[in-house]
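Two complexes follow with subunit A in common, the first pairing it with subunit B and the second with subunit C.
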Partner chain A sequence: MQNVLAILVPRADTVGRAEKEVMGAAQRLASQLNGQWAVALIAPRACALSRQVLVCGASKVFVVDHPELVEYSADPYLKALEGVVEVAHPHVCIFAGNSIGLELAPRLAYRMKSAMVIDCTELQGVSGGHVQITKPVYGGKAETILVAHNPPVTICLRPRSFEPLNAVSETTGEVHRLTIEIEPSLRRTKVIDRIVEESSDAKLEEARIIVSGGRGLGGPEGFLLLKELAELLGGAVGASRAACDAGWAPMSWQIGQTGKKVAPDLYIAVGISGASQHLVGITRAKTIVAINTDPKAPIFKVADIGVVEDYRSVIPVLIEELKQESSA
Partner chain B sequence: MHVVVCLKPIIDPEIPLADFRIDRESKRIIQGNANLVTNIFDENALETALQMRERAEGDIRITAISIGTSSSIDILRRALSLRADQAILINNEGMPELDTFATAKILAAALRRLAPIDLILCGREAGDWHGGQVGSFLAEELSWPCATFVSRIDIDGEHFIMRRQTDDGWEVVKCQRPAIATVTNDETNVPRIPKVRDSMMAFRKEIPIWNIMELGIDVSAVRDAHVTLQLRDMYIPEVNKRCSFIEGEVGKEKAIRLLHKLREMHII
Partner chain C sequence: MNIIVCLKQVPSRESILRVNADGTWVDEQDLSWEINEPDVYALEEALRLKERFGGEVIICSVGPARVQQAIREAFAKGADRGIHLNDPAFERLDAYNTARVIAEAIKGESYDLILTGLQSDDFGFAQTGVILAELLGIPHTTIVMEIHILDGKVKVKRELEAGWFQWIELPLPAVLTIQSGINHPRYATLKGIMGAKKKPIRTLGRDDLHLGEALLNLQQVEKVYIPQKTKETQLLEGSPEEVAAQLVEKLKHEAKVI
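Our next item is the complex of A and B:
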């Protein structure tokens, strides 16, 4: 298992943190396996983006740039990926664990008859040239160690679990532009509308401080308080799945197994009981403060600091104190 | 129109951590007193189908299908009590644990038998192994178009209009028919509770049981046809944290102490 392929499908005009994490994981795995790593870059204007990939130290970048790739759709993108795989012969394919990675990875795996794992939190090359994968199961209650003895294996990384690869001083890599036939008729799904939600969304995964609310808030108005507190602390607002399901907070605020995985310095969980599906999203938070009326709530098992109290008598005081200080 | 919803029976992933046990030898979860439940995203998938039927004109037939042992019957019974029109169990009693490739092959064979089908719904992933593959594998197996992370579906002539979650919001996609969708949760597809009357009706319905051999699937041949992973270990990760509780008479006192503590720690 020597050939590691970092598969990048960036939606923005920049190579972001998610892509750099994929490259970081690929580079480290390849070096543990005494192998090589390369990048597949599938995006509109991929050639322009390839420079940003080269400065991260990739030695080989396979680029597919095609009019059919301007608008993202799984079918033409899979066709492009198949073309890269044919040339690159990867033993390990690594995707970001975002919505595009989670959509493309299993379908490519199926076509390659590859083993497949999503939500990988650790990746290691072990003796015999095998790949060892750590993956939480049962909403994080348990962890598994999986070993791939034979290639190929396809992996989606859990966001923010891998060190991103940063720019190097010297770039020596080369870009291979592939010409791949992509028929317009491949496109069987078409985007007819796109809504970007008003939220602290982009900020959530990068935020240093997050104030997050759950079912214990008792209603949507609780989030107004949390928002005020977050703003005073220079942080972002998050929510548990229960709060999102109840419609109190937009889906894009959701933190947990099926939402965002965050890694702030300070995570303040307000009225969140701590269902395992939520805890999965905050394992990388440095300090967790839990405010909850129920001293037996599982959130206190993972919290560093606990406040057993109704948030309505705590949060307004915090807001008041912080306001007074900023005006003093 | 015929819609099939795939329901995976799983050991309740929300059992308290204190009751959660692993047999290190066999690397399996010990079920203990935990119930077998429908994977939550599959419940969202059924709810999405029910809502689509309520909004649509014309006849829509909903079939629920599961792979499981006879103890999974209750899951299908529940789907019937939520007014799925029929339910089918594919019995895997005595079979080795199925991987995602085998699951997709078996489901695809069953789906071909249920044809014609216009729409297949699966949850985005299961709450036990979080594989996140079966829906996509089915799309590949059947060569049907597929939309992922969907929470609402409407019919528009020969197309489906699907609302799907993206990393920063939503997309509405138009998808050719027949299609597959993997379903995620949002505020619109929270699973409903069955009505008592419907539950009673559900008990009168027969649930056909198919077996895997009958479907023409040789599980070990499927396993040999693709790369598999070895499960080397399974364990409960240790949490070494000890929570320090802020003491105080009233909320205000605790709030101020909390603020002091965070300052002391140079976090804010």
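Our next item is the complex of A and C:
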């Protein structure tokens, strides 16, 4: 019997897509391993949040609610997780691959003497109770399959690589509230402030549509056009590293190996040549449209639809066309 | 302020990868190598702190003889000395065991900060720095965008998702993993390159360290492969008006994404 633990550490007051992906991966892996899955929910007001977890069909939710957990900080959160692991005895722990998961997972893994793989894009339970973990390596030029022969195994998922678990009609799960001693002295790091920059931009990692620009835009003004197109489509604006390095777009827009990994339904790459460092950030995009004057640009090798044309002549017309469509 | 920078040498980004004969690793023979780019930003951050507060920048790197070139490159930019961990037993180690080797090697050092890139561009485990902090029993934080040194403490800005940032304070010593793009890394000067040859590198092998348990990876590489791309690109042709109309049509009715 294999136990899979979906570890949810939501930053906001809601169980979002990232958490539902973790539960989806945990549920499917548990069924491949003929095992059980459970949820560990560590958050401020975790008890109230647990309802959102139960409606996704979890049968067991371990909850830790403690004054020390009000603001996220690695040390007290790890202590809480250690407490859950002691009770749940998981063979596999699954985290979301966000800033919190990437910080907590390796340390929990270390404390459990667990194997640990980050940026997992596929999980497969195989006979013998092993887990095969697929992840991209070498900037997406290759992939690897890793196997841990001894449990436990800890995994961080690449965002938007797994189907989220959606609400079920009947909830039958139960909540186990754990009391764990968390000393205030554990908290070695102190959170001073939390700030948001460019809050008006849609979240790139969660955007359904992204219009992205590269060096081929020829200057920062090109992004104004992309922004107009993105707004019209209800999407976000991204950029290649070359465009960010040139100062045409803020660093937070950067997509690729050193930037964000995105997974939109539609990715429109404008003036982006498609270096492998950029492509690794968009491997999970469903439909890729490339607009570029160079027919030999590598972006055309991964694009579903290609337009060999200057964006300055195509995009304004495209914007007009979309405006007419929406008013019709 | 003494700072240890953990550097990894990885295949250069322009490398064409070939999988080795048994399909479990890349063929390293024809590769050219460079310092892992995220670590270049960590090195630059360390050099800037040294310029402001004095002290030493110590490079620590695990790998075969070729790694000395990466250490010398860091020397040329201004690092002071190096620790090179070279032993056949250190090859293909996972992040946990790499961190164990580094933790043992720096035991006698006095340091205020350990900096490393967020992850490596080859296997991208993104854990070595974090586990190192656990092994050393010191605090750490990841995805660091800005560093301010205070009295016995460090204040850092870290990047969260969706445009959110956090300012946090940690007591020193601490491990920080650095986000790429936080600075503009310098180039080595000619003087630096000349001086780099004279700076000391201490080479340590397994028998020089007190590792205790054997270096056994917690997970094994079963397979490495080059994914095959099967996409067929439809090229749209015509006047800009025709192209735009076709594009809207396809996105609406074929791809169904708008």
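One rule holds in what follows: the second predicted complex is superposed on the first by the 291 of 328 C-alpha atoms of A that agree within 3 Å, B and C clash if a C-alpha of one lies under 4 Å from a C-alpha of the other, contacts with A are read in each partner's own complex, and residues count from 1 in each chain.
One rule holds for everything that comes next: a residue touches a chain if its C-beta (ideal position, glycine included) is under 8 Å from a C-beta of that chain, and two chains touch if they have at least 3 such contacts.
Just so we're clear, the structure is a prediction, and the values are computed from it rather than from any experiment.
For the composite obtained by superposing both complexes on subunit A, the positions of subunit B and subunit C are in clash.
In the superposed pair of complexes, A:206 makes contact with subunit C only, with no contact to subunit B.
Once the two complexes are laid over each other on the shared chain, residue contacts for A:37 go to neither subunit B nor subunit C. Touch criterion met: A:151 reaches subunit B, while subunit C stays clear of it. Using the contact criterion defined above for the overlaid structures, shared-chain residue A:298 touches subunit B, although it does not reach subunit C.
Looking at the shared chain after the overlay, A:246 reaches subunit B, while subunit C stays out of its contact range.
By the touch criterion stated above, A:77 is placed in contact with neither subunit B nor subunit C.
In the superposition on chain A, contact of A:162 is made with neither subunit B nor subunit C.
By the touch criterion stated above, A:223 is placed in contact with neither subunit B nor subunit C.
Comparing the two interfaces of subunit A, the one with subunit B and the one with subunit C have residues 11, 74-75, 98-100, 102-103, 106-107, 109-111, 113-119, 132-133, 135-139, 141-150, 153, 188-197, 201, 209, 233, 244, 251-252, 257-258, 265-266, 276-277, 287, 289-290, 300-309, 313-314, 317-318, 321-322 in common. Every residue of subunit C that touches subunit A in the complex is listed here, in rising order: 11, 13, 15, 17, 19, 26, 37-38, 94-96, 119, 121-127, 130-131, 133-135, 139-143, 155, 158-171, 180-181, 218-227, 229, 231, 233-236, 240-241, 243-245, 247-248, 250-251, 255, 257-258.
On the subunit A side of its complex with subunit B, the touching residues are 11, 74-75, 98-100, 102-103, 106-107, 109-111, 113-119, 132-133, 135-153, 156, 188-197, 201-202, 209, 233, 241, 244-247, 251-252, 257-258, 265-266, 275-277, 287, 289-290, 298, 300-310, 312-315, 317-318, 321-322. Listing the residues of subunit B that touch subunit A in their complex gives 13-14, 16-17, 20, 22, 27, 29, 41, 100-101, 104, 124-125, 127-133, 136-137, 139-141, 145-149, 161, 165-176, 184-187, 190, 225-237, 239, 241, 243-246, 250-252, 254-256, 258-259, 261-262, 265, 267-268.
Residues 11, 73-75, 98-100, 102-103, 106-107, 109-111, 113-119, 132-133, 135-139, 141-150, 153, 188-199, 201, 203-206, 208-209, 233, 244, 251-252, 254, 257-259, 265-266, 276-277, 286-287, 289-290, 300-309, 313-314, 317-318, 320-322, 325 of subunit A are the ones touching subunit C in the complex.
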